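Residue numbering begins at 1 within each chain, and the chains themselves are lettered A, B and C in the order written.
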């Protein structure tokens, strides 16, 4: 109870689902050998934390930010630039943390103070504009960021695949730096999700919900809404930046496509809505469902597309092409906002969790 | 004397607040019915519910025998209900003329009707082409009422027209409303000012806590000081 | 109704002209900075032309917001769809477009633009009914639904037209420039400028001289009262939404011809620009939108010429500067 901050899943099915996801993530290196499964599992961990931090904004304050990938990108690039420029050492990682987090914090503070004073719609538009400028900046300043190609780098020795702790003889595959990195990612992400759960269940989290329900009333009650919203924005930005750092460490690479692209922002939105806004648990569920679908459904679409083109059907092969999977996700997204605004978690809990 | 407007068991919620808790009354045709009561009793909500701006959760509202509680606001307006909201809601970016052009839904402004209106609201003629936003408070109230009577309406709903106006302007406003009465208009008038109510009302309704607690002739209430004390005394104290 | 003579007039509120002067001052300031007069004229015309195109795309968005408090995050989809639909006419009839006669060029260009506007207008009808109406009055869901709409529209365009860039060459008669001394003014930019001005004047006339325009202005201020006067504002809103979508489609065609190519990502790219313009202008204000579009285009053009590196973030800097001066945009709409 303590670890969940007094906010248990409140549904047997949901608890089982969460436990299954957690066990699967813990056991992945042993149960599903192979690089792809490990990549998928790491991505689920990272996105669970990233999406949970976004849920703090969307679900708990009702503000739509399109700049969340910017903070994710700041984290990613901080690691990449530091390790690329200063060499693969733990000092470089520390430099990245010391430089990246304050930068994310400052930007979040600036955006928050600047645009959270006004309505949600203004905030959404301004964050979209700022994020797109940041994306252009990152892909143009190639001396620093590597431009469109991004930056590949070496990890500190401890985390490299070549560092073997336990040989093949025990599990049939070596326990190496890669697996250590995976568990580092998993535990850091789990900590962040639990921390966010703590935040939303603190008095601060309740003020945020009061602001979401009725900003004027919250103001009338004497809460400084801009302060609270900016604070939430800063927390979310820091977690996103940390998730970005883990992402870069895992990929040993940072580039516009893996950390800043608008499509990642859409992915985050989809995950939070599918999982269930304003629940934090929804982020874990949403990330798991979405990333599994992204990695394994596309194969199915490819089969369907080929079948459709062999059957000589018009249009369908194009619509079912694996590259068009976002089309179907977009439709799913609209349908879920419309029909299941409370997402998977809301459904499983059986009562509306996130009121607008 | 038939009832033009009839409310039966009307209940309205705003958010989770239960504002109207079963409102029943009738507004007889050709008369002015005053709706009195302290702040928060539900007077404005009653007018807004009749106008379709709030949805009645239950109960029925009929206008000239036709149920209107399920109709949308424009449909209700088109059946001949004119509405003068508490906030006056003149379109401040538009001129006086443009405000009235919009109010004359069925075609061009009628000269005779305008002349009649200018007769008691001369300021509207004077500032015909000025922005409504630059009018004074009293003039805005006149424009708001003029908007409701620029075409003949079956029923006028007027919400606290004297609120916040200087006493001299209140006096002239009362005269104007009397003139509108003389034309045979049916009016449901929310008022806090008992003097104005006594001058204008034929019938009177008193509201409290979302229900009607008294209905009768205005003259009878005006003559019965103890009854006034009992029904309205609290509200007078609360407002001083 | 006979003419009524106002015997008196209240002092008109001072017209707020500072924002109107802003582009003028900016342009004049640039003369010494740019140096050569001919480059300055070219840059200024380029700014105005680009500004007009952005204005055409943004005008619908700002009106829809002003009237109904609805922000369509999928507005960019209309721009992209408009451009693609035009290629359906322009590419098969490429020989007409490249014929050396303005009349024949126009015979293909005008139908292409009209078809685009028709399709985007109709698409606007569908979007309003399916994506906007069900979540009317709920900002959060509105943003999510219309963002979803943008994804679907963009992906459908990829599926139908393929992911490659489609060339969209300018008709022959619109290529090249008029030469006045050592100043070259591109013909197409001049045309874009003209169309933009015509549309701006037309919108202003409709808003100020017609009953529909009065209703829109009144509705921006207080939609409840407009309904209480007996007008169905939803129907009016649908009309404005469809017109705005059609204008975005027209803007897409013009932008495609300006860049001489079309790609589905044009929607994303321009959404950001259009948002910046409506924020700068003040949500709901047509005049503000007009000035905002010109400012954004000027900053892009002059900025790109003087400090190319700065061009990347110039729009954001402009937005920050304007909002520091006027936190609700150049022309804040009164009642909100």
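We adopt the following convention: a residue touches a chain if its C-beta (ideal position, glycine included) is under 8 Å from a C-beta of that chain, and two chains touch if they have at least 3 such contacts.
It should be emphasised that the depicted structure is a prediction, and the values quoted were computed from it without experimental measurement.
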Notebook entry, point to check: Among the chains, which has its CA centre at the largest distance from subunit B's?
Noted result: A
Notebook entry, point to check: Measuring from the mean of all protein Cα atoms shown, which chain centre lies nearest?
Noted result: C
Margin query: Distance between subunit B and subunit C based on Cα centroids, please, to the nearest Å.
Written below: 43
Margin query: Please tell me the distance, in whole Å, between the geometric centres of subunit A and subunit C computed from their C-alpha atoms.
Written below: 34
Item checked: subunit A and subunit B: spacing of chain centres that average the CA atoms, whole Å -> 55
Item checked: Parts of subunit B lying in touch with subunit C, wherever the complex brings them together -> 51, 53, 72-74, 77-78, 83, 85, 89, 91-94, 97-98, 101-103, 105, 108-111, 114, 125-131, 133-135, 147
Check: For subunit A, which residues are in contact with subunit C within the complex?
Finding: 58, 62, 64, 114, 117-122, 124-126, 128-130, 132-133, 136-137, 140, 262, 266, 269, 273, 315, 318-319, 321, 323-324, 326-327, 329-331, 333-334, 337-338, 341, 356
Item checked: List of subunit C residues in touch with subunit A within their complex -> 65, 71, 73, 131, 134-135, 138-141, 143-145, 147-149, 151-152, 155-156, 158-160, 163, 268, 271-272, 275-276, 278-279, 283, 309, 312-313, 315-316, 319-320, 323, 327-328
Checklist line | Residues of subunit C defined as touching subunit B within the complex | finding: 1-2, 4-13, 211, 214-215, 217-218, 220-222, 224-233, 334
